[in-house]
Amino acid sequence: MSNPVIFKRLRGQSIVILLALVILVFSLLSPGYFTTQNFLNILLQASGLTIVATGMTFVLLTAGIDLSVGSIMFVAGVISGKLVVGGLSVWLAVPVTLVLGIILGLMNGWFVVRFKIVPFIVTLATFFAGRGLGLLISETRAVNLPDEFLQIGSARILGIPLPVIIMIMVVAVAQLVLDRTVFGRQVYAVGNSQERSVKAGINLNRVLLRVYIICGCCAALGGLVAIAQLGAVSPTFGFQSEFMAIAAAVLGGTSLFGGKGRVFPGTLVGALLIQSIQSGLVIVNADPYLYPLITGTIIFLIVLVDSQRHYRRKQMKGIST
Amino acid sequence: MTKSPNIILYLCLVYYLAAALVTPGFFTVNNTWNLLYNLMPLLIVAVGQMLVILTAGIDLSVTAIIAVTSVVGGYIMSADYSPVDSSSLAIALGILGMVITGGIIGLINGISVAKLKMPAFMVTLTGLMFFGGFAVWLTKSQNIYNLPAGLVDMPYTSFLGLPLPIWTGLLVLGLIYLVLNKSLLGEWIYAVGVNPKTSRISGVNVDLTIIMVYMLSGVTAAIGSVLYTARLETGSPVMGQNLLLDVIGAVVIGGTSLFGGKGLLQWTVAGAFFMAMLDNSLNLAGLSYFLIMIVKGVIILSAAMLNVWGERKVIWSA
Amino acid sequence: MLFRYYWSLLVIVGCLTAGCAAKEEGTVIGISFETLQTEYWVASIEAMKSVCEENGVGYLEAVANGDANRQFEQVNNFISRGVDGIVIAPKDAHTVIPIIKAANRAGIPIAIYNRLPAENEGDYITVVADNYEISRNTVEYMAEVARESGKKHKAMILIGDLGDINAVNRRRGFDDALAAHKDLIEVVAEVPTEWNQEKALAGVTNALQVNPDIDFIFSSSDFLFPSVVSALKNADKYHPIGHPDHVILGGFDGDAMAYRMLREKYLDADGVQDVFFECQESVLAVIRKMREEQVPDLIVDPGFVIHQQNLEQKAESMWGASF
Amino acid sequence: MAVNGGQVLALVGENGAGKSTLMNVLGGIHQPSSGEMHLNNEPYAPQNAEDAYNSGVAFIHQELNLFPNLSISENLFINSFPTTKRAGLTLIDRSSTNQKARELLTRVDLKVAPDTRVEDLSTAQQQLVEIAKAMAGKPRIIIFDEPTTALSRHESQALFQLIGDLRSQGIAMIYISHNLGDIMQLADNIAVLRDGTLVSAGPKDQYSMNRLIRDMVGRDLDSYFPARSKKASDQAVWEVRKLKSDRVTNISFKVNECEILGFYGLVGAGRSEMVRAILGLDPVLSGTVRWKDSTYHKFSPAQWIKNGVVYLAEDRREEGLLTGKSIQKNIQLASFPRYLNPLKLVKYAPLDQESKVYADITKINYQNLNRQQVQTLSGGNQQKVVLSRLLMTHPGMLILDEPTKGIDIGARQEIYGLINKLVDQGASAIIISSEIEELLGMCDRIIVMGQGQIYREFSKQEFDKNTILEAALGSGISNMDRGD
């Protein structure tokens, strides 16, 4: 009764085909696109987004949502920026940022788990409170960062920019955790059905709490990597990042209904796809205002397919008395 | 429906007194008008949002609808672009155009949620991004100016003693009150919110109800946008971009349950009044807007907690 | 339990409002800024506050984070607070009109800082820099530097938010300045930034990608320099003056980073708005208006161009130097 | 009741005879009010499912507790993965997990790679995984709850083979099933439950098919069914022709005026699916329904209510009530469209008045219609609220799915009285029930269904409890010779 496994494998890789198609189209449109420099550029610019989307994938896998990643990026960035400007060494600022991300993620998780509040209301509230906190600390002024910060952004190891290396490490560790650890498999179980997870003896609250902590930590790290390239934290930093992160994960095959999705290749390719489109549009000098329309349409279609597939599966499994 | 007076009514009263005593310039006639002007558009949009939340849905795209309708209205009404020369006709056409645009976006949201079975928050989040981008793309992020005098003076012209925005607000409130408490659609909204399966078996057209609430949310967002556009005298592609917190805050703090089916109109009116009063009083006290953002975020979280806590109390007693 | 919870929440919010409400009476000026996003705005609001203190005048400040609607509400709050004068850095030339009307209706003198409002018959004073002249002179100087090198140049401009009248004037200044040097300098890229650093970085990076031999860059605001520098470093084109592939750089505002780049000989020229002069004039204009003295409706700040040659003597009147 | 190691105790009884309650007590989900239980002659009183599992009592529910998106080995050890330390991280030891999984799979002889995903398995294979999962806890007793309902004949045989092996491994088993054929083939001892009490127990050979059925249904007719004055006319007002959906095939039957047609069948016979298809709640592949003089091809609840056909859903909490709303609102739910003024506003005065009338007709005992919330009522009263809602639409045809399920005897009498009174006034009814006595007492004709088809129709004269049950069990007895 289940469709042949090969067809399923192909459908899983449809996202990679879509990426190849996009690269092909833009390469034809402008010669400057199909160069290693440009691809390195895309990887560099996508590194921040990918790390945040990796954290978001964990939350989406449990059929949750986190709208506050943009604000976490901003708050963590502002605080660590102020510390560095105030004299703290850059290499100390990194752990501080991650700890901040973890604390904010913990807060999200605590409200979702302890009070059973709908995740998107919790994260919508922390979205605003977080943005407000960041603006309070930075007094709505852009925090210009010293050059050492830019070092991280432009440092190269064996020719590969540091942010790209950090991105690859985060994606690799995330997929390892999801595939090979008990917690990882339980995330998929919780995503499939919280009720059955409890029956199977899984500590539901601990899994959910950890997932939001990971999302907060990734948001902070992703923000750090993005700031290292920008050199400054402006008051609108991280704006709409939550939508981009969800878009990357959903494009990568993560289902909003939980239990389905992978960080590698899924979310990584989803993020690269978004960044390739963005860079392509800029290089072919297309009207930059078109960009949200294109992303919005692609996301809507992907969510539509995901919902129909979920609805049909639920229809088939109806109760029989 | 148990008519227990909700806690929010007391909260508004007590806060109003506290603010009047403490904040300078709060308890003046001028500021009360100021408060009402800020309240009206927010109230109109919040009431539309309440209908959606009553069916256990959510409409995050309202601020994008406000922006798109503000731009559409701008193009129709502004002297630079308007196809019609007489200004009163332009205003009528403009407002009609805005309401229709709001309705269409609401229809798209409704059909996606009801017929295509897509999760409400994702449909409207994508709508927020798409239509927000659409408004900016239409105008290349330029505002539209030279709106006709009729519209621009609207907030300041009174009719039988009350300025027009207040009349608009009262009219919308009256209409929504009729829909919610006296009409077939109102009964269906409450039924679908509590249990869509039971409603469907009892002959309720569930899909139509869901589509209607999203359309009404779109239309109320458009009417709110008319007031904002008139007051600011510009059709702006980023109109209302910071309103989402106030709109959803007003409904949640009013006590309307996020799980659907529970909530009265007067609760949201009190909730909107509380949010507007909060903004006004904290502003007067010299708090910077981002401090206010933090306070609002905290208040929504605690209101959601009570919301869920109240829900759980009901389940235990069954 | 329910009521107790709400009660505790109420107390926190109540004392918050009480805490900040104890402002001293006497003449009070409301200072409303659209944003503090760039160093320029921060320097401006600091300057205005010090001018108020010098003249023994109290002040209230409000920042709208780029939302014209919130700025309108904030000014309305000033009016109902009964301020005696208003100084405003508006979001744009048109949304300031209803604010001017509100001030006029309340009979409160209002001064518009930095952005010239669109045509309207309100009663207000404007203090603004001549963006067109300053940017034209700056680019004129950059063109001379290019002419001395004798090589043909490819130019790029970072454009500000097209809704901001100043950004449009600065772009006109850039275009008119280069019109006279068509033979030497060809404009190959116009990057829209909407005063957003992320968009600026992406735009400059990709523009350099498409034509790597750009060697003449004018930024409509020094606030975008972090993005420009980061992009140039990535394409490893960030070299001081005198280095063979030095990119001729020019900016506007005269903030601290521009000053540092001038010192380190990376920046060729920078159009400076005299912030101290403009803020002084706008606050004093409102104070004089309060005392019904005669005040001109428009006060223009000629500003000046600072470059490598006149760096020493112009430095102290450049606000970025001491920021 | 006792079962010893290496033996299969078959537990038999009608729906509602108390089988699942007994199992919930064994599984620690419900606490017994009195009496004790012993496991290996030590006292056994599980507080929750965890205790039961740890002391070696394993359940194979009908609703499998598996994660389709995970692999077999992950399902088996979701909460007890063997792990190794690798670079500071405690990773799952893939090889030993698969190794252990393979062992368990051989015990239930499921020859499938342990890393295939559960969603790619057939229902039978999934059930074997569930059994393997039970085996992982080294159970002393395994309890099977209706395991063969979704299995084909061949798959059931494979299951029996496995049960035979488990028996030889000394594991005790309790096997709950309606399929008397399987029970006769499988069980060592049989226990029969009726109305919550143990009627008889003993070795299999003491039981013949007839004695089994007699014990199952042998209670005297304690519930009295009110007589009906009007005789059913022979003029068909309702006719279903060749109805087909993905759960039921070629269903055709008629219902005459003032007639009550009963539907009997085992769990999974497809009676509710048929009715849900007729009502338009589930998609219909083909088939038409004639009601009075118009024929319908497309069905929706709203259209049926408008034409006087109403449906009482089986699951009251899920599909019957608006919890948290007042009794009045629950009663009025289906009648709003009929009380509208031209402006589509609801005329509340007449509506409230009539809802009070119908609340009294069905004799709901309530304190305050308007303010009292429906979930504060007893089960029987809640059912009456739903009935009032249906009656208020002045129906011509009542489709009732298990109308008296879980309702006290007193309320049942009133509900039977109500149905008869309506039918006397010219309505007709379809009653789906798992209690034969109810159908025998109420209906003019009974249709027995099984596996999505109509097996046999019984007219009033042919009514006989044993033959009806036999027909329903048809899939059990007759298929012993009928190879599938």
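Note that the chains are named A, B, C and D in the order they appear, and that numbering of residues resets to 1 at the start of each chain.
The rule is short, and it goes like this: contacts are C-beta pairs under 8 Å (C-beta built on N, C-alpha and C of every residue); 3 or more make two chains touch, one makes a residue touch a chain.
The structure displayed is predicted, hence computed values, not measured ones.
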Fewest touching-chain hops separating subunit C from subunit D: 2
Label of the chain whose CA centroid is most distant from the centroid of subunit C: D
Euclidean distance of C-alpha centroids - subunit B vs subunit C, Å: 35
Centroid spacing, where centroids are CA-atom means, of subunit A and subunit B in whole angstrom: 30
Computed distance of Cα centres, subunit D from subunit B, in Å: 46
Centre-to-centre distance between subunit D and subunit A (centres being mean Cα positions), rounded to whole Å: 45
Shared interface positions of subunit C, touching two or more other chains: 63, 65
Residue list for subunit B, restricted to those that touch at least two other chains: 140-141, 288, 290-291, 298, 309
Pairs of chains in contact (touch as defined earlier), listed by label: A-B, A-C, A-D, B-C, B-D
Contact footprint of subunit C on subunit A as seen in their complex: 30, 32, 35, 37-38, 41, 44-45, 135, 139-142, 144, 150, 153-154, 226, 229-232, 234-237, 278-279, 282-283, 288
Subunit B - residues contacting subunit D, complex: 1-2, 178, 182-188, 190-191, 194-195, 197-205, 261-262, 314, 317-318
Touch list for subunit C against partner subunit A, complex: 35-39, 42, 63, 65-66, 192, 196-199, 201-203, 205-206, 209-210, 223, 226-227, 229-230, 233-234, 257
Contact footprint of subunit D on subunit A as seen in their complex: 1-2, 5, 176-177, 180-182, 185-186, 188-189, 191-193, 196, 199-202, 259-260, 318, 320-321
Residues of subunit D that touch subunit A when the two form their complex: 49-50, 65-70, 74, 78-79, 81, 83, 89-92, 94, 119-120, 122, 247, 267-268, 270-273, 282, 314
